[in-house]
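As written, the chain order gives the labels A, B, C and D, with residue 1 at the start of each chain.
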């Protein structure tokens, strides 16, 4: 009897993982906290395709994994400059818009973006800005400049982003450079600036996904944050406010792409198409609070939401911002600066 | 007498240090409120939700099944290897022992990245399967190092005695050698199982598709840890505690009965 | 008692371990119902010989025959021999009954038969009532008996015993020697016995095979080996001896200690260097002027039945056993009768003399 | 009738290790080979640049920081662990085996859970700070500091120091201590002359069991250091998973392995008996 039970247990164990490869599936590699769980469930329900959902924290982490094994993923969600990088490394498949009819719902200005001029490798998923989320009960003065992040009055009260381009970008902007500046002179200044900020004890921590909950809990006064996460946090804590500083910032678009050699390309296109459906994009929007590029979805929103400048920044704000560009091999010099900052004591 | 009391105080303090976070986790698991900041009264809510949380349940299944399968494979592989190594000439044995020592001395992170490099090189999608392979790899030496001493202590003529009495080599193995080394196999399997259950670093590098509990908890600590994890901690703690107490009691009892028998 | 039938035969057997000869071209046969002892110091190859017959080793060269058939490559579990191992090798996870029944269970003997035969064995070795005991919980002597019973219950043609009494204390050993010999005679089974204890060999054996460095030095009955050792090694190993350098002047005349002695040996040529062996009990102590050699007593020890004295005769120190003690420093004479002067060829290579 | 060939059962049984040998070839040797290959090449061309790069001050700084923190952690574990082991092993302690089990149990909890638990204690709005605020001391910065990382290391690795020492002391011949007392040594002398030397093998294995994982960890500094403290393990993880420079990452891995092997060799030399106190 005991033997039989043991045998059945083994059989069960062996079958279960095998079963997961048998059915129709799609391997999705998306940012942490970047989709509504309901959307995944709905997709599986409607199509019968099983979603293997994997998460990453920063563009750079994702890039490494996709480079290492592009066939492991069917749909990925890189940002603009990474899409540029992936295209230049010939890692992205071209999309067949026949299979993505809902892409027609996209706003026109995103149909042929600079990072993917032909629009054949990516379909925009969300867009947003980088700015400062601050707690009005802890910050009395008006916040309108990155300089506030270097104010020693906020010692141990600032969350910086554990993301190389975003954080270096912030310092670049503060120093008056473009966020795509590559000169060593600028990089050295940025390095000194960031180390100065760290040594002054202003930085509480470098992190990404954990920040919004900590801001909600009131663990710090200021944080560098993506607009959607900011909107999410603000919806939980009324003291929080978001600003895109006057020096300018980064405006970004995250796209949906299919790596070359993806095992389930058809399912991937179905998945992308599904996310482009206005009703689905709405569910997503209401969960993660990033700006949707979906004109159909925007049409469904009420006035008050549309007036929220965190989610839908004004033209004037966007004019201050620029896209990240792929900096190609210069990323190595960026890396060195970033490591120097991270390891400084 | 004062000395003795001081000792107790000291031990108690160290125990408090070791248990404080665990006690906190368990206490929070009964907190009805969602955030730790507020005590919302006693509730079993998180225990109920724990079993409904698909992510956690999946990860739990992955953890336990990988640990079980890896332990079984490592026990077979390691026991055979130990028997083989035991009967080797010294030169060959030294080679095998060094190779066996290597994964034990290699830092987890190096084992992790090197296996990741291997799987990527071999174009194996990193998921359940690769995690299992990695676990078998780091589990097997534990079995070997538990079985080898038993083999060394075993009267080397036992195997020959079985052959002499008419048992074929395979029967001699099953009827004489295996019973002799089975305590070592059990120890090795337990060690391997524990190592597997607890592993984070190697799983983190060798699987992207599938998360075991450690990897899931790691990704949760980087965002927001749901209170269900507190409930899970409490359950795990109580399970381990009762298992250890059980084993301890059984040991004590069998020791007593041995004494009686002699 | 012993039949003149070659039950086991080793033909030109050589065994090499890691480039070292453990056995060099051994030829040996064992007759049915014979009690054969392989005797020699450790490392002489006696255990290897036993293991070759048991099937635990395969010879590098040569053949092992059983009833005339080649069994060189037959595995141990197909050989009709059983072994009593040095440290008994009882299965620790089994009790006494299951240990003894092990071979029978493998052979799929019926349960009732197993019970009967194991019972008979327990009676034979005097362990009735110990069936349920764990093997660990027995004394050394009891474990020994279980090991013997475990082997004998399979009714082997030959029982191989590898220093079976080595781990027992002296008293128990003496008892077991007699018991084993009795058992062998009663059951009529061939015993091949390995020991380094010459006394044990002399007490129990029908035939003794003296070995050294992988070679057989001498094969013979205990008496012939004791009385007529073929070389100084055998003489020294079998009992205590005084071995002296000597020159064979001619047949029946030998020179040692600057004196000519009469002896009974012939055929060693003329003026050839030889060894002379004198047993301590064969040397007579007489008055200083009556001996063939004169000497001084250097030490004297009481040994129970006799005194052991060391007598310095100038050319050598002689060990002498005598019932009469001479005090230390006493001037004495010693003499040996011609019959007790054993002449041997000078010992050369271990395999040279015996071939 | 089956015929046996070869040199007896030894050779055939050694073949039992063949599957394992093959396994280790694929899953231990091959990965190391890949790492060595990456470490000594860039773009497939042989070079030592990866190792040269390591000599840059920020990388050497990361290494020395890791070593320093691991060293502090080992010293603290030894200072607090040794008396614990000593008291646990004392003869007059009732139910000492049971007590020992109490020290094992926390180790059976997933270490991420334990570390997470400390986070919830140490964070600004955590229990300790709320208590401090309550008694009027006010909030202290407890998390995301060097001390928080050190604290996390000590918490996780303390049992690894206690156990080897405990088991060596428990095993050691207690009559020696009695003999020493008999010969007129007082308590302190007994400890210095007998107990301490006897327990040295346990100390050595405890030190290696604490120091090694402490110097290589990347999770604890990540969680408790808030990304502000980079240890050697972080750097390797960072090279493999974020920067994607596998060549440099591999070189770092080799450096770490060499470091471990050298310190183990050093520790084994320091071990008078060459015997390790077993944890189990």
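Here is the rule we go by: a residue touches a chain if its C-beta (ideal position, glycine included) is under 8 Å from a C-beta of that chain, and two chains touch if they have at least 3 such contacts.
These figures come from a predicted structure and were not determined experimentally.
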Innermost chain, taking as reference the mean of every protein Cα atom displayed: B
Leading chain pair when contacts are tallied as C-beta pairs: B-D
Centre-of-Cα separation between chain D and chain A, whole angstrom: 36
Rounded Å distance between chain B and chain D, as computed from the means of their C-alpha atoms: 17
Between chain D and chain C, distance of the C-alpha-averaged centres to the nearest whole Å: 58
Multi-partner residues of chain D (at least 2 other chains): 9, 125, 240
Of all residues in chain C, the ones touching two or more other chains: 56, 75
For chain A, residues contacting two or more additional chains: 65, 207, 217
Chain B-facing residues of chain C, complex: 54-56, 75-77, 81-83, 85-87, 89, 91-93, 102-103, 106-107, 134, 137, 150-151, 154
For the chain B and chain D complex, residues of the former touching the latter: 4, 7, 10-11, 14-15, 17-22, 24-25, 28, 36-37, 77-78, 80-81, 83-89, 92, 96, 99-100, 102-103, 105-111, 113-118, 121, 133-134, 136-137, 140, 144, 159, 163, 169, 187, 191, 194, 197-198, 200-201, 205, 213-214, 217-218, 221, 225, 229, 233, 236-237, 240-241, 244-245, 248
Chain B contact footprint on chain A (complex, rising order): 9-10, 13-14, 16-17, 20, 27, 32-33, 52, 54-55, 57, 65, 68-69, 71-72, 207-210, 213, 217
Residue ranges of chain D touching chain B (in the complex, touch as defined): 9-10, 12-21, 23-24, 26-32, 34-35, 38, 80, 83-84, 87-88, 90, 92-93, 97-99, 101-106, 108-121, 125-127, 155, 158-159, 212-213, 216, 218-219, 223, 233, 236-237, 240, 246, 249-250, 253, 256-257, 260-261, 264, 280
Contact set on chain B toward chain C in their complex: 155, 157-158, 160-169, 171-172, 175-176, 179-180, 261-262
